[in-house]
Every structure is written in C-alpha cells, then in structure tokens.
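Consider the two complexes below, in which subunit A is the common component and subunit B and subunit C are the respective partners.
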Partner chain A sequence: MKLVDQSSQQYRRLWWFASRGFAAVAIVLLITAILTAPSGLQNLFNGLAIGGVYAIFALGYTLIFSILRIINFAHGAIFTLGAYFTYFLTGAAVGFNGLLANQRLPFELPFPVAMIGGGLLAGLCGILIERVAFRPLRNKGADPLLTLVSSLGVAVAIVNIIQLLVGAEIYSYPRNPFGEMPAALNLGTFGGLTQRPIIIRTIQVIIFAVSMVTVVLLTYFINGTKTGKALRAVAEDATTSSLLGINTNFLILVTFFISGLVGGIAGTLVGLSVNVSGPYFGINFGLKGLAVIVLGGLGDIPGAVVGGLVIGVAEAFVPSEYVAYKEAIAFVVLFLVLLLRPQGLLGRAAVQKV
Partner chain B sequence: MSKVSLSKRLTVFALIALLALVPSALLVRAAEEPVVIGVAVAQTSNVALLGQEQVIGAQIAEEFFNARGGVNGRPIRIAFADTGGDEAGAINAFQTLINRENVVGILGPTLSQQAFAADPIADQAGVPVIAPSNTARGIPQIGRFIFRVSAPVAIVAPNAVKQALKMNPEIKRVAVFYAQNDAFSVSETGTFQQTVKDLGLELLDVQTFQTTDTDFTTQITNVLPLEPQLVIISGLAADGGNLVKQLRELGYDGMIVGGNGLNTANIFPVCQELCDGILIAQAYSYQYDSEINNAFREAYKAKQEKEPPQFSAQAFAGIQVFVEALSRLDERKPLKDMDLATLRAELRDEIMSGKYDTPLGPISFVETKKDDGTPAGGEIVQEQFYVAQIKMNPDGKTGRFVFVD
Partner chain C sequence: MEGFFSTYGSAIVQMALAGVLALSLYLPLMAGQLSLASPGFYAVGGYVAALLSTQVFTGFPNGSYPILLVVLEMVVAGAISALFALIIGIPSLRLRGIYLALATIAFVEVLRVFALNQPWLGGAVGIYNIPQPFFSATRVEYLLLALPLLIGAMLFVARLERSRIGRAFVALREDELAASAMGVRPTYYKVLAFTMGAVLAGMAGALNAHILNTWNARQGTFDLAILILAYVLVGGSRTFLGPVIGGAFLVALPEIILREVAGAPGLNPAIATFLRDGRLILFGVLIAVSVFFFPYGLITPNLFKRRKKTKALPVEAAKATPKVSRGEL
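For the complex of A and B:
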C-alpha cells in the first residue's frame, strides 16, 4: 500500500515537472515565433482582435455556466437578436424578404442608445428563455443535460422566427456610428521592432476594449456585490441557499438578463465589424464559443477572455495557404491545453466532495 | 351466327374508323396547340433571387415572340418547373418537363452544380437543353444536346482586368484573393491569375479565405506591405463584401476587380460606400443598342420598373434561340409531320447551325468535344462583353452597376 502511494506521488511529481516544462518550452517558442516572423507582431495584434470577438461572445455563455453549471446553447441566438434589435431601434427598415418586409419603427434612436436598447431587449429575451427552456425542467428535477437540448431547440426556433419575419439577407449598420473616427489605427513600428507600422481596425480595438471592461465589471459584480455573493451561493448549492432565504429563481433570472444584455451588446459590436450576415450570425460563433470557455476554464469569467485571445492568436498565425484548417488548429490548441490542464487555463481543479 | 358475324364486322369497322380518326384529330389539334418549351429554374430556395429573374426573362420572351407570330403562326407556351436550389430538385423538374409536359427543349437549370446532375438525363432522353446561367467549365461537354447562352468564366472574367489597366495603365503589381471552399471561385481565380500573367503583370501574392470567414485582417495585412496596385477577388457576396470593406479600412486605395460572385446588389449593404469603384465583367449590358435589346429593355422596364439584369437577358436569349431554331426547322420540315423524338433531335442540329441576334448581341454555337473526342454540345460564341463599375448612392446603402467603356 505504501509502495503504491510512493510511486504514484513520484509519478505525480514527474508529471508536474513535465507539464510545466512543456508549457515553458511552448511559451518560449511562441514568443520567438512572434518576434522573428516577418509579420509576427502584426499577426499578434490581428489575433488579439479576432480573439476579442470570441471573448465578448463567450462572456455571456460562461456567466450562465458559472451559476447554473449548464451550457445555454441559445446564447448565439440572443447575440443575433441583440444585433437585429439595435438595427431596428436605429429606425432602419426591414429588407425586401420576410413577413415584415419594408416595415420600420416610427422612431429613430441614436446608435449608442439603440445599442444599449438592443442589449436590454436581448436581456429580456434571456429572461424569457430561462422561463421557457430552463425553469420548467429545473422545477421537475430533470437532468441538467436535458436543458442543453431544450436551449438548442430555443436557438433553432429563434433563428427560424428571425428568418420568417425579416428574411435571410445581410443587414448592416451606418458607418461611423460613434461619430467621425478613423477606420483603422496606425500603431507605429514599436520603436523599430517591426519593419512596417502595425495597423488595426478601430472597431476591433473597440470590441477588445469593451470585452476587457465587461470582464472587469462582471468579476466585480460576482465577487464584490451582495447579489454576486448570493449568486455564488446559488452556484454552490441552490437548495441550501434557498433555505437561507435567497430567492434562487429571481437570481437565476438576473443571471440570464445580464448574460443576454452582454450578448446583445456583443452582437451589435460584432455586427458593426463584419455586418449581420443573416439569422445564423450568432449561431456560427456557438461552437467556437464553447471551445473558448472550455479552454479558459468552464465558468471562469477572466478565463473566457484568456481562452478567446489564445484561440484568436492561434488562428492569426495559421498561414494563408492553410486557412481551411484554421478551425482545426483552434481545436488542436484546445486539445493540447486540456491534456496538460483538464480544468482549462484559469479553471480550478474540481474538489471531490465526499 | 350471322348476328355474331355482323357485330364482329361492326366492331372491326368501328375500330378502323377510330384508328383513322385519331391521328387526323391529333394532327388538327397539333396545328392549333402551342409548341411547349420547358423552363426549369430555381423559383424557391436561396437561389430563388436569381431564378426569379430568369422566370421574368422567359415570360417576357413568351409574350414577345407570340406577339410576333410564335413559330410560323403557331404560338409557344412555356411550362415552368421549379428546381429549388439543389441537384435533386433539378432532376425532378427535368423529368416532369420531359415526360409529362412533353416539351421540345428545356431552358435551365440555374446553377452549374445542378446542371451536372440534371443535364445528363435530358441528354439521354434526347431533349435539347439551353443553360441560361451555367458558367462553370465543362457544361456543353456533358452531352450532345446541351447548349449554353451564358459565356464561360474564362472568357468573361479577363475583361475586367483589361478594363482596370485601361483606366490606370500604371498598374503593374497585382494581389489575388479567393475563397478556397467554393468550386466556382477556385475555377475563376485560375482564369484571373492566368490573365495577370498573360498581360505581363506581376502577381505579388495569392491569399485564400473561406466563404464563411468574416475577418480578413490577417490576409490583408500580409498583402498590403507588398503595395499592390490592383486587387482581384473571387468569392461570394457576404465574404467578398466584407473583404472589400476591410481592405479599404486598412488603407488600400488601389483598384479592385471582383469576380462573378460579387456581381450582385447584395454586396451593397456589406461594404456600403466602400463598394464604390469595384470593376466587374458582364456578359450583358442594358445599354447595348440594338432593335431586339431595346424591345426587351422596354418590355422589362414596363413590367419591373428597373433596368433588366444579366440573368433575365440570358433567359430571354435562350427562349429566342429555341423559337428561331424551331421556325427555321418548321420551314424546312414542318414540325407537325414529326414525332416528338425526331423533332427534338432535329431541333438540336438546327440550334447548333444557327446565328442569333439576341439582347446579348450576335451569338452562335460551336460544337465541343468530350475528353474522348466524341462530339458534345454547343458552347456559346459571343462577340460583345462589358465591364461595369459599382457606383454607390450618397445614402451609402444603395448603389448601381454603371457600364464603362
């Protein structure tokens, strides 16, 4: 018995050193690659910009997971809804397809107001989804896995309703909605570190900044406010926390509202960058978003941002001739990280409750 | 006994009389009945935007040629069958038209992909097919009965590059982008890259993307330091439009040539005012001045209150080829004396040998060969091509294709 213990301890120590060694070598190789590649630094910024989009998508996803320990597959649809709501709140007309063809709202809101309005409406849709797809199953004590399917069903329904009402065409926002801004920023050569000046699109800088601010706000909300503490109590044990007088159902609704709000605003920002390409706009980010939150650590809010940025940077360094394998490379990164850290980059290893 | 034999005799007489009457009745009916031409295009699915334009072109042709006496006094009738957007739909539509509607020939289908599936069926049945919009390589080579009035990409696409050089003779350095997961874009970029080499230009870099991509920063920042003066894009509307938008935002100010996937008003909302100036080659111009095109343009505008697009003009031209070939054939060998199979076979040869003055300009067909050297269908010989440039309206959301020369 003792012998086995000793050898398993040795094995664990060896594994600890090996995994740290691997990680260190990988990081050194990565930094060397970035600095020596002909457009390494530019690619790094490109990757951060792409990763910013993944991160902002994944934040709402991970918030619900952190409280309920379930994946809300309808998050992609919420993201899409936010983008459409903003479009209509600016007073723009529906296209020539769908039941609402050529209709428009009787008022026009300035873009920033419409964006917040779109986010709030998306938050309300989040509440609706909780009532329709999650609470009935939770009340009946159904396996949490079942909500995965019901949320997927809600996502498909939302996508189809959008297509029915407003058609499948591409929608776009007015350019320069936040006032006159240059389309791209020149970041210079970083003191001669690169031969060519680094350029980056302004909207991508905005998305990156918003995802950083959101992660700070959400972290503060979860850790620094009374509601956040109550949410963590619910996450720990819903039954006990309700016995302690915490209104569990209300707090879960709050979580869905915030997740929808963040998702809706994110949808609008991403739509500003690449247009709203149709009802499947947000759903297309779903699988990538899942990879991001698993990579960052399931339910870990800063982890969603780190995961998003790592996958974005990995994709940016895929040479153009292998662009078809870009998605595969993102998942290879995920696989390698999970081999070394099954709990994700920032996640904590689950403690076995006895 | 004699009673029985009388009834027998009566029956035989009745049968003979009937047999004599039926063909003459059929002949009388045939003289009055319209000649049926099938149109199998996408009226539903995501290809319907294109298919609808083809339906309008064919309807205008039906009214126009019937008003001019149809096939030597006998009217034509168009039988429509919806193919949807996929191969199975195209096969169904073709079989309905061939076996149930007894058409003399078929105009369709909308997509090259559908043509590769459905055309062999018509070819085996000996039914002439005219493709109104299939531009991929190898369409007429499917079989002897297959023709197209849509000029292949290898002939149309180079015109836009030549036009760019005409507008800016300084252009030497070219970068090419294409969607590597779209069969049409891959074949089109081959033509573009060959054109760049043939014109003695320097091909700086070839960058690939996927039609599902939304962010092209990496590809663009790879290319911009090489300082291209011309960028050529083969992709579809959403990805192509986003690529144009991001190219301009990241500071590219040279000329842009777009492939046929960008040849749609659907890219206007994507790149908005940044779409301005993209050059795209065209097989049809509504400004082309000829009697038939002016008549077609008037008829289209009366119906749709806008200028006719290429898809409608090509569908009209396809029906015109059928009607004129049938008329010539009828003068040589009256159609009513032929059974359907003979008529279809004769019509195939008549289409191949004719010359047609269509809204696309004067066209004719040249017989192609299959890989094994056996004769195949007719490839279009078209004399005139055009290049259009996108001009966006001040609202930044709508625009139009303006023909340049």
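For the complex of A and C:
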C-alpha cells in the first residue's frame, strides 16, 4: 500500500478535470470544423465508410492481442485470403496466370452469401494459422517475439501460395453485386448547410452498414454470450480461467476463427470498394490496422472501432493537393499516439509492475 | 570459379550487406529494444549516397568513380543516419516492447511515403544512373567494400560485447529496472545502441545504392524490416555471429534453391517448377519452422561452450552420473 498525501490527490483531481475539459473543447472544435469546412460532411461520410472497414479489420488484431498479447502479423494475409475466397465463391474464373488458370467453381453463389462464405473460409484459415504457428510455440512457452516472427513466416507463405495458385493480377468483383441499385445517393445539401450536394456511393453505404452490423454482432457475442464471457475471462487471466475449467485452447481457436472471419469480411469489403489488387493486397492494410489498434489502445475492443473510424475520417480530410501523403496519415497518427498517449484514446495508463 | 562468381557474385555481396543490416537490428536488440527502424536508415543512407554521387561528385564516367568517394559517402550516410536516429530515438525509446516496434514501423512508413512524393528524391522512379566504381556485370568487386564493412562491423560489435557499454546493453536487456538501479542510464544506452545500429544501416544503404545503380522508395520498406528481423532471429540474437550467419543464410537460400536444387538434373519437372516459383513459400515456412526448432537461433553462445565441456568431461564421469527417471521424481 502506498500512502497518498493530500496535495498530490488534489493535483490529480485538478489534472483529471483539466484533461477532460481539454478533450471536450477539442472535440467541439473538431465537430465545428468538420461542419463548416467546404466539403466537411462529404469527407466525413467518405471517411466513415472506409473507417468502418478499418474498424472491423483492426478488431481481428485486437481480439487476438487481448488474449495472447501477440500481434498476429498474418492478419493482413487473412484479409487478402477473404477477398479471394469471396471472388471464387461467386463463381468467377481464375485469371490467366498461376497454377489454377481459368478454373472456376462449379457453382455460383449470390454475392452476400459468397461474402459470408469467404469470411468463414478465412476464419478456418485463422484456425489453421493458430494450430501451425501459434500453438506449438505457446506449448513450448516461447518468447512472444518468436511467435510474432512465425506468424510473419506464415504470412509470407500465404501471400506466395496465393501468387503461385492464382497469379498476381487484379481481380474485380461482379458489377452490381447486390442487384440493380443506383450507383450513388444524393443526400442534398442538408437545407443549405453545405455548398455542394452530398453524394455517397451506394457501395460506401453498404460497406459501412456491413461493418457496423459486424461490430454489433461481435459486441453482442463478447458481452452477451457465455462463450464471450469465457473469452473475456481468458483475456483477463489465461491461467486462472483454465484452472476454473475454461478450455483455453478451444477459446483461442474460437478467437482466431472470429478474427479470421472479420478479417476476411473486411477484405471483401475493400475489394468491393476498390479491386483485389493481387496477393500483396493486405500488406498495407495490415500496417494501417496496426495504427488503428494502437490509436484505440492495444487489446481494447471499443477502442479499435473508434480508432478505425478516426483514422478513416482523418484520411478523408486530407486536402486533394496533398493526397499523395494520405498513406502516411495513419503512421503519423500512430507515432504521435505512441509518444503522447501510449495507452490509446480510450485506454487508461497501465501501471508499471515490478 | 569464373562461372561461380558470374552466377553468385551479386548474391555474395548481398549476403555481406544482409549481415551488416542484421547487425544494425541486433545492436538495439542487445539493449533489449526491438526496433524495426533499420530499413528507414538504410533508405536514408541510400538516398544520401545517390544524391552525393549524382549531384555533388559529378564528372566521373561510369566505371571510374573513385572508391574513396564511395567510402566518403558511406561515412556521410552513417553520420546523417545517426542524426536521424537521435531525433527519432530520444522521444521513442521511452516506449517498450511491441510499442517501440510499432513506432519504428511508423517511422519507416512515413519516410517511405515522404520519399515517394519528393521531386528532389526522384519521386516514384527514384534516383537512377548512380555511378559505379567498377566495370562489372557481376558486381562481385563490391566485395572489396562490402566485406571490410561487414568485418569492421563484426569486429566492432564483438569488441562492444566485451566492453563496459556492451555489458550495459545486456544489463538493460535482462532487467532494465535492476540495471538502472546499478547506475546504468537506460535512455543514454538505448539511444546509443539505436544510433550505432542506424549508422550501420545507413552505411549499408549507401553502398547498396551504388551496387543497385538506382535508389527509390521501395528500398526501405516494412518487408525489409521483417526480413532483417528474420535474419537476426533465425541466426540467433544472443551473439554477434548469429545475425551475420542468419543474414548470409537467408539471402543465399532462395538463390541456392533457384539455381542448384531446382536446376538439378533428373528432378521431376513439377517439383522443379514448384521450387522455382514457390521458393518464397518455402522461405516463409522455413522461418516459421526454424523459430520452432531453434528458438534461440542457429548460433547460440552455448554452441561453442558446450562442446568444450563435453570434451573435458571424462567418459566414466558421464556414466557415473545417476540417471533419474520421471517416475522417481
């Protein structure tokens, strides 16, 4: 026990109010700036659409980190796999390169079913990765750093297997995957609030909706089901929860499955928005996901969602003349957050234990 | 021999450079800091050499570029990398473990995007036509520069490991709190280790800019960081020999698979094709497997000690030691 003298307690309370006050003022200023900027609302909506995908992708990282305290560097590869699985489940043919050139599946699934199927297959790959790259090392009690490297090795292998099998070309999903729909929605000017009418691509709305549904389902799973409760117990203390009769290894498998599932769905969503641009599709996204989870606080699930949305919106607000620097935004944010607030936006400072 | 060098000349030079890069990551790791910033400094060094040799020291036709100027560029590149390391290192070395790794990844990526968009760094094309000091297609003459750099770095690190500074690094790695209680200044030594690593990476970059003849933003990326980390961990992160051997091994491996194994006579063509096109798959699997079977890397400090011990131990003494089975315990 540590004795706390009166003055330091007062100082702490003062600091608490000051920091919350500062944060509140900053948020109000930010919202005003967004609403009054020339195309503020338009950027906001664009940012939220991609931010939703960042959020669910980062959730996959964060779920595994919260339980194993290891970053699964194969998550970017899972993301790529999910996008490819969806492509092939829709019955589309492989391109001209690779060992499987011009092959196609004997059936065609409607796009939404294929997307879920792609996610499930990606989840199974997640399970496979846990069995081959994580569990053997965990059973040996190896350094987490080594597990990180073995997950990287698996990522390199997956990316090159994809390249060998289906080639490095660009794959595009079928047009109008959700049936006939207008290409964009015109939201009008919100009664003169913005100078130009706000136009949102339908795909963006779908992406945002799918990612938010995923977030809600995942939140329900973690907070509302018995398995989710066990998962949280394992995240809190794996040894104690296994002593209490929780099958830790099984729950870790479940975590990898869910992580792969959301990663695969994120891959499909990004593939919808742009294209599936080859086996290295997931690498940059994987790095950005790291920025998102640090911003939200490593292992913090609501934090990952907030972090994803914040980074998506921040990227959308990059002025068009500096658009080339957009890729760096996430990393500048990552660097600053690590220096100023390493526990993340929503996190609390960790107490250094000896 | 002639044929050997014409096939493997550039691979051998790259093996030496991989050793230097691996040492640049090993130095901060000696002090317990997982820094993935080496590709950033490597890129900085390459750009320094590229700018100096194409903008400042002009007028030398290809093949007659003085070797001493390359050495000078390497020194300048090392100094500028050190400067970058101080600017980046002092704030970010307060972070620990995975947080530092992430911050250094961020540094590498920001640098890459910056370089990609600067016209004076050549943009996406980069800087090309970097003059060569040697007339050669095989690039094997670059060993004249790469090998001294590697050996110098190895001697430096080997001496460092036995010096006061090296012991301070190891103390920090083993227990930072205890080390600081014993009067080791954590921040000072961490920044020192980080800066030393940056100098090595910068010099390797400067040399490689000449070897490759061109330098662009694709040279220092996250992929390279991962590769260097694999060099260190596959080779062994507890002695300076580990990273060097790991680097040489992992650079040589895909080349050997490509040229020797896949080209072996009498091999099933399907397997040969797989080895040629899928060698990076094997590479990834190998990294994952080697981490499992050699958790301390291929080269460990005990590798040499243990052998001496078993030699010294008489056979009778070994026989006489009572065997305890699990049941008895």
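What we mean here is this: the second predicted complex is superposed on the first by the 307 of 354 C-alpha atoms of A that agree within 3 Å, B and C clash if a C-alpha of one lies under 4 Å from a C-alpha of the other, contacts with A are read in each partner's own complex, and residues count from 1 in each chain.
Following the convention adopted for this analysis, a residue touches a chain if its C-beta (ideal position, glycine included) is under 8 Å from a C-beta of that chain, and two chains touch if they have at least 3 such contacts.
Predicted, not measured: the structure shown is a model, and the values here were computed from it.
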{"item": "First (subunit B), second (subunit C), both or neither touched by A:Ala157", "value": "second"}
{"item": "Residues of subunit A touched, compared between subunit B and subunit C (which is higher)", "value": "C"}
{"item": "Which superposed partner A:Gln9 touches (first subunit B, second subunit C, both, neither)", "value": "neither"}
{"item": "Subunit B versus subunit C as contact partner of A:Leu145, first or second or both or neither", "value": "second"}
{"item": "Which of subunit B and subunit C A:Asn247 touches, first, second, both or neither", "value": "neither"}
{"item": "Partner chain(s) touched by A:Ala324 [first = subunit B, second = subunit C, both, neither]", "value": "both"}
{"item": "First, second, both or neither for A:Gln204, with subunit B first and subunit C second", "value": "first"}
{"item": "Set of subunit A residues, in rising order, touched by both subunit B and subunit C", "value": "324"}
{"item": "In the complex, subunit A residues that touch subunit B", "value": "39, 42-43, 46, 49-50, 53, 168-172, 174-175, 183-184, 196, 199-201, 204, 273-275, 277, 284, 315-316, 318, 320-321, 323-324, 326"}
{"item": "Of subunit C, residues touching subunit A in the complex", "value": "34, 91-92, 94-95, 98-99, 102-103, 105-107, 109-110, 113-114, 116-117, 177, 222-223, 226, 229-230, 233, 274, 277-278, 280-281, 283-289, 291-292, 295"}
{"item": "Residues of subunit B touching subunit A in the complex", "value": "46, 180-181, 207-210, 212-215, 217-219, 221-222, 224-225, 237-238, 241-242, 246, 248-251, 266, 269-270, 272-273, 396-397"}
{"item": "Touch list for subunit A against partner subunit C, complex", "value": "71, 73, 132-133, 136-137, 140, 142-143, 145-161, 164, 283, 287, 290-291, 294, 298, 324-325, 327-328, 331-332, 334-335, 338-339, 342, 354"}
